[in-house]
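In order of appearance the chains are A, B, C and D, and numbering begins at 1 in each one.
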Amino acid sequence: MQHIDALWADFTRPIVTAEDYIASLRGRRMNVFFMGERVVEPVDHPVIFPSINAMAETYRLASERPELGGVKSDIADAQTNRFLHVPTGPEDLVTKHEMQRELGRRTGTCFQRCVGLDAIGSCHSVTFDIDAERGSDYYRRFIGFLKRAQTANIVIGGAMTDPKGDRSKSPHQQADPDLFLHVSKRDDKGIYVSGAKMHQTGAVNSHWLIFMPTMRMTDADKDWAVVGAVRVDAPGLTYIVGRQTNDTRIVDGGSMDAGNAQFAGQESLIVFEDVFVPYEHVFMDGEWQYAATLVERFTTYHRSSYVCKTGLGDVLIGAAAEAASHNGVESVSHIKDKLVEMTHLNETIYSSCMAAAYRARPMASGAWLNDEMLSNVAKHNVTRFPFEISRLAQDIAGGLVVTMPSEKDLQNNEVGPLIRKFLQGKSGVDTVDRMRILRLIENMTIGRNAVGYLTESLHGAGSPQAQRIQIARGMKIDDKKQRARHLAGIAETRPKNA
Amino acid sequence: MQHIDALWADFTRPIVTAEDYIASLRGRRMNVFFMGERVVEPVDHPVIFPSINAMAETYRLASERPELGGVKSDIADAQTNRFLHVPTGPEDLVTKHEMQRELGRRTGTCFQRCVGLDAIGSCHSVTFDIDAERGSDYYRRFIGFLKRAQTANIVIGGAMTDPKGDRSKSPHQQADPDLFLHVSKRDDKGIYVSGAKMHQTGAVNSHWLIFMPTMRMTDADKDWAVVGAVRVDAPGLTYIVGRQTNDTRIVDGGSMDAGNAQFAGQESLIVFEDVFVPYEHVFMDGEWQYAATLVERFTTYHRSSYVCKTGLGDVLIGAAAEAASHNGVESVSHIKDKLVEMTHLNETIYSSCMAAAYRARPMASGAWLNDEMLSNVAKHNVTRFPFEISRLAQDIAGGLVVTMPSEKDLQNNEVGPLIRKFLQGKSGVDTVDRMRILRLIENMTIGRNAVGYLTESLHGAGSPQAQRIQIARGMKIDDKKQRARHLAGIAETRPKNA
Amino acid sequence: MQHIDALWADFTRPIVTAEDYIASLRGRRMNVFFMGERVVEPVDHPVIFPSINAMAETYRLASERPELGGVKSDIADAQTNRFLHVPTGPEDLVTKHEMQRELGRRTGTCFQRCVGLDAIGSCHSVTFDIDAERGSDYYRRFIGFLKRAQTANIVIGGAMTDPKGDRSKSPHQQADPDLFLHVSKRDDKGIYVSGAKMHQTGAVNSHWLIFMPTMRMTDADKDWAVVGAVRVDAPGLTYIVGRQTNDTRIVDGGSMDAGNAQFAGQESLIVFEDVFVPYEHVFMDGEWQYAATLVERFTTYHRSSYVCKTGLGDVLIGAAAEAASHNGVESVSHIKDKLVEMTHLNETIYSSCMAAAYRARPMASGAWLNDEMLSNVAKHNVTRFPFEISRLAQDIAGGLVVTMPSEKDLQNNEVGPLIRKFLQGKSGVDTVDRMRILRLIENMTIGRNAVGYLTESLHGAGSPQAQRIQIARGMKIDDKKQRARHLAGIAETRPKNA
Amino acid sequence: MQHIDALWADFTRPIVTAEDYIASLRGRRMNVFFMGERVVEPVDHPVIFPSINAMAETYRLASERPELGGVKSDIADAQTNRFLHVPTGPEDLVTKHEMQRELGRRTGTCFQRCVGLDAIGSCHSVTFDIDAERGSDYYRRFIGFLKRAQTANIVIGGAMTDPKGDRSKSPHQQADPDLFLHVSKRDDKGIYVSGAKMHQTGAVNSHWLIFMPTMRMTDADKDWAVVGAVRVDAPGLTYIVGRQTNDTRIVDGGSMDAGNAQFAGQESLIVFEDVFVPYEHVFMDGEWQYAATLVERFTTYHRSSYVCKTGLGDVLIGAAAEAASHNGVESVSHIKDKLVEMTHLNETIYSSCMAAAYRARPMASGAWLNDEMLSNVAKHNVTRFPFEISRLAQDIAGGLVVTMPSEKDLQNNEVGPLIRKFLQGKSGVDTVDRMRILRLIENMTIGRNAVGYLTESLHGAGSPQAQRIQIARGMKIDDKKQRARHLAGIAETRPKNA
């Protein structure tokens, strides 16, 4: 295990505070690119930093509210961040979701740590099941890995979505084998993997990555049925950080035009070129039969994790109410009614996610998994309601959301006073405060964090159609038909137990 | 207590089976009217019987699945029907909701017992609270009443909605004091109440009724702030059973045109004319301050009780799938997609109700109450989604739902064979089965049970606007605004604990 | 033409008034069945009469507002009912739609005459086109037929929808050839047709029927590609009138419970058993290539004809406003807002239909046809918005819509006074008026005329998916893609003329 | 008129081509600010130029399709751009809307010229009406102005929206009189106006501006009831161009990241400081009674002008179809269904706008005005459907819309090849083309042109509530109630003429 110890040598002192975390990201030699340039030190990159700061909030929360942001882990026998915890009962999932909503409220964006968390949860039970059926050694390896991660209290990212190429073909049929991540070669120490993962949330801000297959596989796809963990700075990894709406606002003015200067999300394309993974960090290696299981458990966890968007919803509802108050119209009936509608939709999402947590069921490994139907239903609501909440927020806020002069104009001697004069709201409201709230609404509905609040709500954890397929699978249509036949008076079909 | 014992003399042998229950309704001397005629024996009235049979299903379920339909009560120290049980923890509410969905599935209609159940739950904690603050004796009385009811395993109905007259006036301001139920006189034995309750579900099928005020009151409304229990056959009570869509279908043909010949709902106008209530059965008498509390707790329970509609949804989804199958189009993509959408909406309702149960909180009396915000959100979804599910069911089923010949035509020698010839569906499908399923869809979407599935879903437990008012009250807008201000960078407003 | 003259012998005096029309329906020997019984004189059948009366309104309108309900026809060189007129320009279609909305407002139901009208319009241009390409004689025959009909000012019904049997098979592939209407034999005088037509609107109330194929055909389906006109009392025709929600309300009480005692719709199953059609009344006979053309032109006309539902919408909006006024809440903001929403949806339907009329294009015969895309869009809105308008009407009206005592109870000496006392609304409102308005809302949202307002809005003129197919065909996706490529900066793709 | 001639001295040669137009904008001395800096030459500003180019498309269209983009004006007796034309019949409005849709298709953004156009239309009839009632001279002045403008074929902008300050107060009650534009002083030559106009579309790209009051006024607001025309470079005018989402994308990479590099919208805050207006260019001066009339006519025109968004919808539908095609999934049923839904919504908007044009009515001046109810309905649909179309476009396009690497990354030697390798779609699709289409979808749904497609669709020409107020005013509720009463059988209420 010596070579394994070496891989963990940088993580001897547990990360405790947000400052520890940020410091831990410095000085790594990662291949990170953004807008055509190599980013030597992501922490110092003004566009990337807000995403690091959003991740750091998970540590702040654990410091400030340890019962919510942290948990005592039996695996490491230590307090660890809740984002490293395998849920062992419904209450764990419930608390997880409360934490996610609270982090959404605190950051107003994607704090990027849920993919890793849900990867841990699903690997726990899937490695256990593989071992149980095939006598393999994955569960021990995984627990060993997780114990080290918990002890060091690091950030684990998850990587699932392959480029997929021609969507009508399975991995082994692709013209280019790299269009799905796969074992490119192997030796007695471990495997080498090549390919890419797309849309990877917070990867640059993580310490280790767990990579997983993205879909159901066949016997011929064995080489693509691979799960493992690598350091984010492992040789052969390249990160290309995607552009986001208004990403450069943070550098082209002061803090105001950004809308939310402190926090943002991050997604990147990760390229793997013969990246080495020692066997001790390999958790699936050819067991293609379990690829679909892993994906389904992961998405079941992850679709409920979108409860975080209700935290963003809280912020946006608050911003809209504040904007209305600045205009002196908060008590006008149609404004109140829109705030109620936004809340209703937001809490509907919340209730689906929470119900999916409360109705969790245990896996053989002892990990508990959200109810699959309700988790899909929850995510499906997430693909719809934030768009309507966002539309209502813009309705309340008014057109200034998209026509407002820049902060630099506000600071200009000639036009600054004109802006202050003409953008004043209700008496007693500070014009700059008014502008800040409108910029926040822009940020969340048509700016940088709309990426997370809207588009990611559509596609993260699977696009809408993916949930519909799962809902179709789980809808027990035969039982429903039998109930109907019985009540319609069609003979001999009274359901058993009914 | 002798006079009280006399009132309970008819209920010495506990009702166990559905047959017991139906028998127990016979021979009572109630003033029941329907379509201009006195109904001497409701059990024998063909239009009323299906509603009795739906109520009877609550006993069938308790016999067949005692853990779901029944419960061991600490109050009576006996197994009792779950509809008589005060929930003592979230799990009780969860099981209650599972029972309600199952009964919805079994009957495809309103089984009418939830109002009484939710009256029991809310009286338990409110009588306790009044006593605690005012040293009154209501809780003991109520527990005594409930113990007798549980021991006899009877049906308790609840009566809340007053006629209200001029809605801009409070009870004491009405031209006619009877427009809200009130104490009309009192003596040393008890009180006399006069007025009326509207839209009362299953009243004729109950044994006792609990009456409650319908809204917030003031000091001047003292006489209207009254809660008590009466036998349904108490002197001075008159029941006028309301007409329902297609109510007479059951008598104008065979069983088929009714769509669901076995089960239906029932609502009536109950008139109280100086109805005597001994003090032992009075649970609030002038404590106007608690009227709003009682209403809010009742509606919080009752709005989640609308989870029953997901059971009806199950039946309707099954019926639509069966109709599609009869047409040979079940695997057509737009049909499958509509079934998925129906399921998604149905499960969204379910998850809101269940989340409201899991997140219950305890009252001082030891009764647990659903989460208020989520219960309102749940009911608000019920005011919308069944309408869309119903529309989709009709879309799948086709126009025959409303143009199909009658069962009598089918039995006619001349045209019966023509109907069989031309209404045949996919090969192998029995034409009569096809017609039965279409009649069931008619029944639930534009027939007798559409009353319960659609209109009652709008107005039962409070009309849509009532939920919006409660959502507005609970939406914690100040906290949300503070979160927004913080993220917008407005100084000195970071929320505490955030 | 002597035998033809004989067929028209009963129609020598033009029908002018509604009374003429009703009288003209008497004494015919049709095979009509309803609820298992032969209906000797439909005019005297209380359940059927309201549908006759709705049809009669088309004559009343023509008498009262001849410019709207009638038109000067060049074919007959006489004033005729507009329902017999072939549109010869956009203005004709515009006026037609205004007439349809007005009749919807006057009757609150389906007045059943649009199918025949739209059959006339489509036969005009299709017979012309067949003749032009094939040298046949259909157009002359059709004009001859139409001239007689206009001169007699009779009601022509249209019959299109075949039973279809196994939907995966074309007409000639069906196990039973009768599952699509077809030529069963022919002689030198004419053809004989057998089969059936389903959901036929107002057939019993018509004088003649035009039958048409229901879908695209192939060479092998020649015998099924047949169009012709028959008297409704032709030997071999049998009518089975379908049941409607609450159809018997009209006979089980006074006029009130029916909600709308004067007017209703009517749909029946028409069976054809070797019905003779002289060649002079045959307008297509084997030209299978034109079956699809005829269906498409018919549905293009007919989908816009659903503008009538905006007339029903007017009534329902008015009823909801009246109900709110009875409750004294008409000026409450959420009530007003719902009335606005209902109006918005209603006028959106109206605008789609009207736009489809204004953007009509001429056929070779000189008939003008609504814009196909917009007509499909219009009807597709009709499959959605009336359901939401209906839900909002029930929301405003309150639960009494489905729980109200019967008119017979109101007339009862014992309970009548109680109902008057407790159902009183705002001071000054007559309780019976209040009840009448609520019954009308019941009638249109969950009663007899909900059949026409809701379910028929879904399926009439083609179910929702039928419109989606046509929208897909007309959406010019290649032009749209080219526009996108051009703006995206993809080279060499600037569209011509753009 | 000499001083007037001087004001028009720069406009002696008519602008014919787009190149003429762009040249005409150079060398003007306007006070324009953007992002804190004075913009000396807006034409050369890379962020502003795309908005100029969008405006220029109105000239290109007039050159390429003179019958659509231009018109022969009777006022100037010359061919002029259609954006300078007063509609003299429904067909003019119909053609106007077709032109607007076509320009939306060509530019994918707001081409900014409709405010001026609709200002011309409304001033035509309102000045005529004022003169007719008060003997003033405004109409002659206005026609003189318009003739010069048409002859020179220039761009006229419109300016309506005042800052409004405290919304509960009328203009004269504001603490600062400048919060509504007003006459600050006057002399024998003309008036001076001060104040500001917000959200002004394309003002910097115009030659002249017509300013108008924004709402109903009272006698005390006389000084604020002012309409006039000024050159955009008149002394005292300052323009502060607002920030738009992703506005700087055009300068921070190549052309690709911008999504639509050629075209964009523009909105600015215009400050008026004692701007002189000679009486010859004053079209209302104290006639406060007509302020509301002017606003209502303007908004009636302008709400239908939002038909332009259906042109943007065409582009977005095309882009989504193209993206689906790149992924090889265009024929998948749920994708096709989403494209149909997008088209259905887009054409519903179109039909409302077109119906409002066809049903126009004439003003006394001879100008024709869209139907008010339908125009409000049209715009109200615009506040909803583009949001759903946009959501569906993102659904089809996939998450890459918001996670894609930048164009600079594509050009980078190290990562460019990786992007080409991993972002390849279906075989045969150029990866760069694929990226370009996704960037266009980003541009229209969460990028620069989403400002126009979404937020402006909400608030332009009045926010949603403004339409609801107008719909409420026009909904003829009394007639609707009477129809309902009649059908409900309430005596003596049959409507006249019905």
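The working rule: a contact is a pair of C-beta atoms (placed from the backbone, for glycine too) under 8 Å apart; a residue touches a chain by one contact, two chains touch by 3 or more.
Bear in mind that the values here come from a model prediction, so they are computed numbers and not experimental data.
Asker: Chain B-chain C contact: same residues or different, taking over half shared as same?
Answerer: Homomeric contact, same residues on both sides for the most part.
Asker: More C-beta pairs touching across which pair, B-D or A-D?
Answerer: A-D
Asker: Taking each chain's centre as the mean of its Cα atoms, which chain lies farthest from chain C?
Answerer: Centre of mass proxy via C-alpha means gives A as farthest from chain C.
Asker: Taking each chain's centre as its mean C-alpha position, how far apart are chain A and chain D in Å?
Answerer: 39
Asker: Just the number, please: Cα centre separation of chain B and chain D in whole Å.
Answerer: 53
Asker: Name the residues of chain A that each touch 2 or more other chains.
Answerer: 334, 337, 468
Asker: Considering only the defined contacts, which chain A positions touch chain B in the complex?
Answerer: Against chain B, chain A makes touches at 64-65, 94, 102, 105-108, 255-256, 259-263, 314-319, 321-322, 325, 336-337, 339-340, 343-344, 347-348, 350-352, 354-356, 358-359, 373-374, 377-378, 380-381, 433, 436-437, 439-440, 468, 471-472, 475, 477, 479-485, 487-490, 497-498.
Asker: Which stretch or stretches of chain A touch chain C in the complex?
Answerer: 333-334, 337
Asker: What residues of chain B sit close enough to touch chain C in their complex?
Answerer: Interface residues on chain B, with respect to chain C: 33-38, 163, 165-168, 175-176, 178-179, 196, 198-199, 238, 240-246, 248, 252-253, 257, 267-269, 271, 327-329, 334, 383-384, 387-388, 391, 394-395, 398-409, 411-412, 414-415, 418-419, 421-427, 442, 445-447, 450-451, 454-456, 458-460, 463-465, 468.
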